[in-house]
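To keep things simple, chains are lettered A, B, C, D and E as they appear, and every chain counts its residues starting from 1.
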Amino acid sequence: DKANDTLNVAFTKELENVDSYFNSSREGVVMQRAVWDGLIYRDPATNEYKGNLATSWSWVDDTTLEFKLREGVTFHNGEPFNADDVVFTVNFVADPANGVKTQRNVNWMKSAEKIDDYTVRIHLKEKFPAAIEFLSGPVSMYPNEYYAEAGPSGMGLKPVGTGPYKVTSVVPGQHFVLEKNDAYHDSPKGQPAIRTIDIRTVPDVNTQIAEIFSGTLDLIWQVPADQAGKLSAMDQFTVANESTMRVGYISMDAAGRSTMDPNPFTDVRVRRAVNHAIDRNAIVDNLLKGSSKVINTPCFPSQFGCVQDVTSYDYDPEKAKALLAEAGYADGFTTEFYAYRNRDYAEAIASYLNAVGIKTDFKMLQYSALRELNMKGEVPLSFLTWGSYSINDASAMVSQFFKHGSLDDARDDQVLADLTVADSSTDPAERIDFYGKALKRITDQAYWAPLFSYNTNYVFKKSVNYTPTPDEVLRFTTMTWN
Amino acid sequence: MSKPDTPVLELRGVSKVYSVKQGLMGARKPLRAVNDVNLTLGRSEVLGLVGESGCGKSTLAKILLGLEAPTSGEVLVDGEAIGSHDRLKLARRIQPIFQDPYSSLNPRKSIAEIISLPLRVHGIGDHASQTKAVREILDVVGLPARVMNTYPSQMSGGQRQRVAIARALIMKPEIVICDEPTSALDVSVQSQILNLLGELRREFGLTYLFISHNLAVVEHLATRVAVMYLGRIVEEAETGALFDASRHPYSRALLDSVLTPEPGLGVPDTHLGAAYPNPINPPPGCAFHPRCASATAFCAARAPRPVASGDGLVECHLYDPETEMFQR
Amino acid sequence: MLQFILKRLGLAVLVAFTVSFISFSLLFLSGDPAAALAGEGASGEDIEALRTLYGFDRPMLVQYGDWLFSALRGDFGESYYFKLPVATLIAERLTVTMLLGLCGITFALVTAVPLGVAAAIRPNSLIDRIALFLSVAGQAMPSFWFGLILIVVFAIKLGWLPPSGAASWRHFIMPTIVLGYYAMPAIMRLTRAGMLEVLNSDYIRTARAKGAPEVQVLFKHALRNAIIPVVSLAAVQMGFMLGGSIVVESIFALHGAGYLAWESIGRNDLPTVQALILIFSMFYIVFTFLADVLNAWLDPRMRSS
Amino acid sequence: MSEPLLCVRNLNIDIPVGGGTLHAVRGIDFELQRGEVLSIVGESGSGKSLTSLALMGLLGKRIDRRADRMDFDGIDLTRAGKRQMRALRGDRMSMIFQEPMTSLNPAYTIGDQLAEALLLHRNVSRQQARDRAVELLEKVGITAAASRLGQYPHQLSGGLRQRVMIAMALMCGPELIIADEPTTALDVTIQAQILRLLVDLVREMDMAMILITHDLGVVARVADKVAVMYAGELVETGSAGAIFNAPSHPYTRGLLRCIPLPGRTARGAPLGTIPGIVPSLVGEIGGCVFRTRCDHAVAACHGAIPHRGEADHMFRCVHPHGHREDEETPA
Amino acid sequence: MSDLSDPLLQEITGPTPGQLLRKRVFGHQGLIFGLAVVAILAVVAILAPVIAPHDPYAQSLVARMKPPVFLGGTWENPLGTDHLGRDYLSRLIYGARVSLMIGGIAALISGVIGTAMGVAAGYFGGKVDAVVTFLINVRLAMPVVLVALAVVAILGGSLTVVIAVLGLLLWDRFAVVMRASTLQVRGREYVAAAQAIGASTPRILLSEIMPNIVNNLIVVVTLEMAHAILLEAALSFLGLGVQPPTPSWGLMVSEGKNMMLFEPWLVLIPGAVLFVLVLAINLMGDGLRDVTAPENRS
């Protein structure tokens, strides 16, 4: 609402904890970028890394990074920012015992070491070329004194950071009020323009739309394509569409972890049949629309190392049936089919599978529940998505799922070997080479059926001026009133 | 079937104690609905049982029918304790006629089904012979055979009561327990039913226990009468003797209360207190003493015992030679 | 009376225990809470360690006992999802649900009782037919559908009411109507039936024979007796409504306990679900208990015993 | 003779029912003097209660009441408005109902209910009303009357409740009291007490009473005048002596034969009966309604039925003496 | 007994219960309407494969959300298509199957449980009654929607699970009503008469008590059927009921809900048929109660 300088925004999902290390949702990323800062910042337009809380950094060796910190920065609670904060934060999050939810974001760090008040070193466990990218993304700096005392749940209720916005009120999962940080340092994020950001969880898109109609919301995002299409036809709203790094895919239990017996997905022909069965173009054109694209790789094409020269499968239901017949499933089979979001996409996929004879027993679960099942290896077939935490590096996706972690349903040693090299090499060419190998193996073996990339629709009132970025992060600092 | 001189039915010290809740959630307390009752019923007798509402008449009937087990005491049929008879056998010999002809017939069953139920329960005869038996008994109670396929809701109260009688008689029982069989009926219908009961008794040699509020009817039908007060038989005598010269003060009050259609006599004064005692907390001593015009302090202290008098019994200190003197 | 209250209270407590036990065992069967807790990237040993740490490996009865004792002290454990004490989490959302439930039952009573009385005074009249229609329609109306229609009509097309949220009393109007309409038919029918029965009773004839004016007959003599069963029903409905608020809260984006329950079920957030089932049943139990006491007080036949 | 307190001429009551109109009460005439007890006797369904409710103006809305005349102390009840009827009810005419168990409001104390009867009609204080209640409770033979005021109906036995009902009817000192089967639900001993009480009160307060009953014994002992009803019609009216000593209508005689009379009916001998059932009163009704059950029915019974006898003993029959002489009761 | 031969005495007055019932049934508009609608929907459900113009599962992503004819659509899809291009009319027709099946079977299961409990409690009284009453209390205290959601979430949503859960949860009203009716009938003198005749307990239950309470049972069956159908729809709407692609009406409302503001018919149509079906079943139930047990009207 321009009149009282308050931007009303809706979240769809209940954010479990504002502390960014203890949530794994997109909404959490948005909050994290607004409330905290990382040492480094990547300009979303140019992909150039800039100093944020650090003014400069350098590799001391393959596993040690040294940072010069910005001076004169204070946290929202007045605590000054210095090397102690960095050391504390890194050491805290890197310790698995502290149970950071998004381990992948932090488990490459071993520890941090204070050199002087404004110089710190971060030690890596092993070579990790994506370190800069991670440090410019999910790893943000917490006030040591406050955090030591408040802990994750305290931080969740009264978040304190250095970021452009400070949190003035938290109703867990429901309502967050952000206030412009007038003392924000000279950050590459830019200075905030809108005084108050009022974020409410409105779970139902319909309701969100109803509210934006009635003027109680100014900006909504993640609006499904159909509604966005209708809204763009109205002149009181701006509808912006940006691609995102989120990739939708089907995961199959190639390793035969699930209790399904016999497990058809251990047969590569069945997995290929699944790949052939789905008309991804139709889904993209009719359901996702916007800037979504058909994806052939288990990573987002713009990510470093996401080689596109891989085996791809066109829509060919006949071939799919033939492959199934070859594998001994001429009459098809029935499998559980899990999904956690986009019920309609999942339904469309199920329908394509049904058409070639794969009958699905559809189960829609919440993300955490599905992930739990997934970790236990009890999911034969699922429609999943991954947004890579907006990290523009293939390791954020492919390495997440194919390195024999609990979510790895392929468990292919060769892929593991290739990815290990790719992830830890500091030589970009070698990385590309090995990611390519891994991706080729994965696609050839059809462990997944990569489907499409997502896009995000942002709908805001004409009074709001905002240019979304392709990383699916709402950046309040770049929003202004028209 | 039975030895000629044993009574068909005999009650020895029969009591029935219910445990009742006072109020919605109150504690359970014992209620002596029937209290140490001794009675004998000879063949072809009609024993009238009278007494105020709630004094235990129906409970006694239920015990005789085997619908309630006595808390203590024995019921003897033909000299044998009822417990030793099996229920089916007993059912052949004792049958009930209830008060409310609207609730005593299953509305979902045809008249034929209702009347033939005893036959079917006892597995007597095949369908054809059962139908024949129903026809015959319908004739006996004065209903045409065509009612067989009708339902109770189509009948008048008097007709229903005839059906109930037919059902009770189809097994040719010896004893019929009539619990207020006419009190729901209009006088003009009541007289028909009473006539029928009388005829049946003569024809089949039935023995009746006849419970009623209507003393005129009891006087008309019964050969002996027992007066009940608060679970006890306080007086028992041959009908004529009782109605001509009742002794127990309660019996007298009861008889005094009878309003015969004789204009000009006015309403009698019964000299009876208004308060029927709470059966859960019966008065000490003689249960009747709070309402009794002749009560003394002694009556409140000690319960009277039954005293044989003439052909019957009376339970009052006034007639007990041992305690009579305390009445002065 | 006191004895009645004590006995009734004992029964209520027994029911509460049984319900809590059933819901606990139900959820006990629902999978491995340790895995849910462990989070991403946890190894088998991590999960095992957590299992021992939280005592998930102990027999169910022991765990139940533990849970019960903490619950009795108001400690329902920590939400797996929010990592907050469940009690805190629920306490805050309960106010919304309670408010909604109160508004709903008030709406239901305020519409149903007068309608029921009016219908009973003039059976088969126009008002009786309208009341009957409303109640029949109300019973058949899927509340999620009704809610959506209200939003489309009153929030979008007419713009009279805010479509969602709990910021002001205006936000509660539509949820109240949807929830209240769910409880209304039964209350209305019972009021009508009770009034009809009472109006045909002998003591109403007695009141008229005394020369009491009709208003006094209706409201002093009849309603007082007809309302007694309605009180119980309203309590039961209130219990059901709170349980049924899940649908309404999810439609109108009210962050109440019902909505929390729905989300927690999806998130496998066991401690929260357990606590909510218990609390919703406690509502029912408490309301019926209060209604019984109120009834016992309203009805002298029960009061004096 | 003075002007009667109550005078009813040609009272008809019609009830619309499923299959047409139920002519529940037809052509009823009677009058009642102050201090007199009129007893209406008849079998169940004969229209006794409807007649009394009609007098009180308490018939339901659907029920149609017509009368040539229905005067209460000169007030034309057929024309009286609702307000006027209300003022009369409970004040100058009051009623006692059959069911003492259900005729009192279970939600209020008997003190409240008694007081209400007075407060509705008299401008008195609550305390005065309660005093009057105590006075009347004592009068109807309730001991410790003051302590009973706070009791609820369910705490009283049937006999006590009926006494309370009587006290309530007397609160305003009515001139006419209508008792509809006041003792049917009670035990014989209590019946005698209550009837005695009523009769005594009527005499003492010089009220007129209409006592409705189906018990011929009650009628004989209580009534000055008797009206016998059958199927909605008055078939015979007269003084109690006349009715019982010289019953003229075949129905009245039939009724009397149905009950065992001590001293007159031999013990165990068959009783008289009235065969058949009451005819349906739905639709047009002509002639004598009793003809279907009458031993003396002739063709003329289908026609107009004359009123026979004189003012203090009247009956309706085509036969001059109702064929009384044919069946002289054995003495 | 000469006087007994008088023809008027023998007059059998009233119509038979059957005739009475027929007369009441045909005089009851609500009942007739309810019966008719339910019958039509049942026929539609049974003949779904014959009547449905399309395969309810056949998706066509290029033909999504085509409007129904009355909003300018074509007769190819008389009620338009859904968000995956499936024929809406066909899905509605198959949806009738789902709803009726769920309602019917759930009511059957809960009916058997509840009736057994209620009749036992009413007839035997005492301890049995105390236990049953306690169980009813416990059951009533459990929040149905929440428990059903939790169970479905644990076991996964499928038609069988939903039916089983509803069947196991909705017996309370059966137990309450059957208990009360049994208690009432049990006190009638014909039951005492049957006992005095020597009839066995099962015989009394089956042939004396059951026939007299079966009308109440039928009424509860219909009401619970409606209840189950509504609950299934609510569960499916919340995403924890029947799972796609099963064409459940609740699911259809839930799926159409996203476009509610732009294509309201997507929500209105399935919601309306659901409303009509439940309305009809309720009217049928109310009507049956009026017709079979006018004294129990409430």
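Following the convention adopted for this analysis, a contact is a pair of C-beta atoms (placed from the backbone, for glycine too) under 8 Å apart; a residue touches a chain by one contact, two chains touch by 3 or more.
Treat the numbers as computed from the prediction; the structure is a model and nothing was measured.
Student: Quick check on the contact graph: shortest path length from subunit A to subunit E, in steps?
Tutor: The least step count works out to 1.
Student: Quick one: point me to the chain whose Cα centre is farthest from that of subunit D.
Tutor: A
Student: Which pair wins on C-beta contacts, C-E or B-E?
Tutor: Output for the comparison: C-E.
Student: Rounded to the nearest whole Å, what is the centre-to-centre distance of subunit B and subunit C, using the mean of the C-alpha atoms as each centre?
Tutor: 53
Student: Between subunit A and subunit C, what distance separates the C-alpha centroids? Give it in angstrom.
Tutor: 39
Student: Averaging only over C-alpha atoms, locate the centres of subunit B and subunit D and give their separation in whole Å.
Tutor: Comparing mean C-alpha positions, subunit D is 32 Å from subunit B.
Student: Pull out every residue in subunit C that's touching 2 or more other chains.
Tutor: In subunit C, 31, 148, 151, 156, 250, 266, 268, 304 touch at least two other chains.
Student: Taking each residue of subunit E in turn, which ones touch at least two of the other chains?
Tutor: Touching at least two other chains: 3-4, 13, 153, 239, 257, 260-261.
Student: Return the residues of subunit B touching two or more other chains; collapse runs of consecutive numbers into ranges.
Tutor: 156, 192, 199
Student: For the complex, give me every residue of subunit E touching subunit C.
Tutor: 30, 134, 137-138, 140-147, 149-151, 153-154, 226, 230, 233-234, 237-240, 250, 253-254, 257, 260-261, 264, 267-268, 271, 274-276, 278-279, 282-283, 286, 297-298
Student: State the interface residues of subunit D toward subunit B in the complex, per the touch definition above.
Tutor: Listed in rising order, the residues are 43-44, 141-142, 157-160, 163, 187-193, 195-196, 199, 214-223, 240-241, 243-245, 254-262, 265, 267-268, 270-275, 277.
Student: Of all residues in subunit A, which touch subunit E in the complex?
Tutor: So the residues of subunit A touching subunit E come out as 204-206, 209-210, 213, 224, 226-227, 230, 279, 282-283, 285-287, 336, 343-344, 346-348, 350-352, 354, 361-365, 369.
Student: Which stretch or stretches of subunit C touch subunit E in the complex?
Tutor: Going through subunit C, the ones touching subunit E are 11, 14-16, 18-19, 22-23, 26-27, 29-31, 136-137, 139-145, 148-149, 151-152, 156, 189-190, 193, 236, 239-240, 242-244, 246-247, 250, 258, 261-262, 265-266, 268, 273, 276-277, 280-281, 284-285, 288.
Student: Report the residues of subunit D in contact with subunit C in the complex, numbered from low to high.
Tutor: 56, 58, 86-91, 94-95, 97, 99, 102-109, 116-117, 120-121, 152, 154-155, 165, 168
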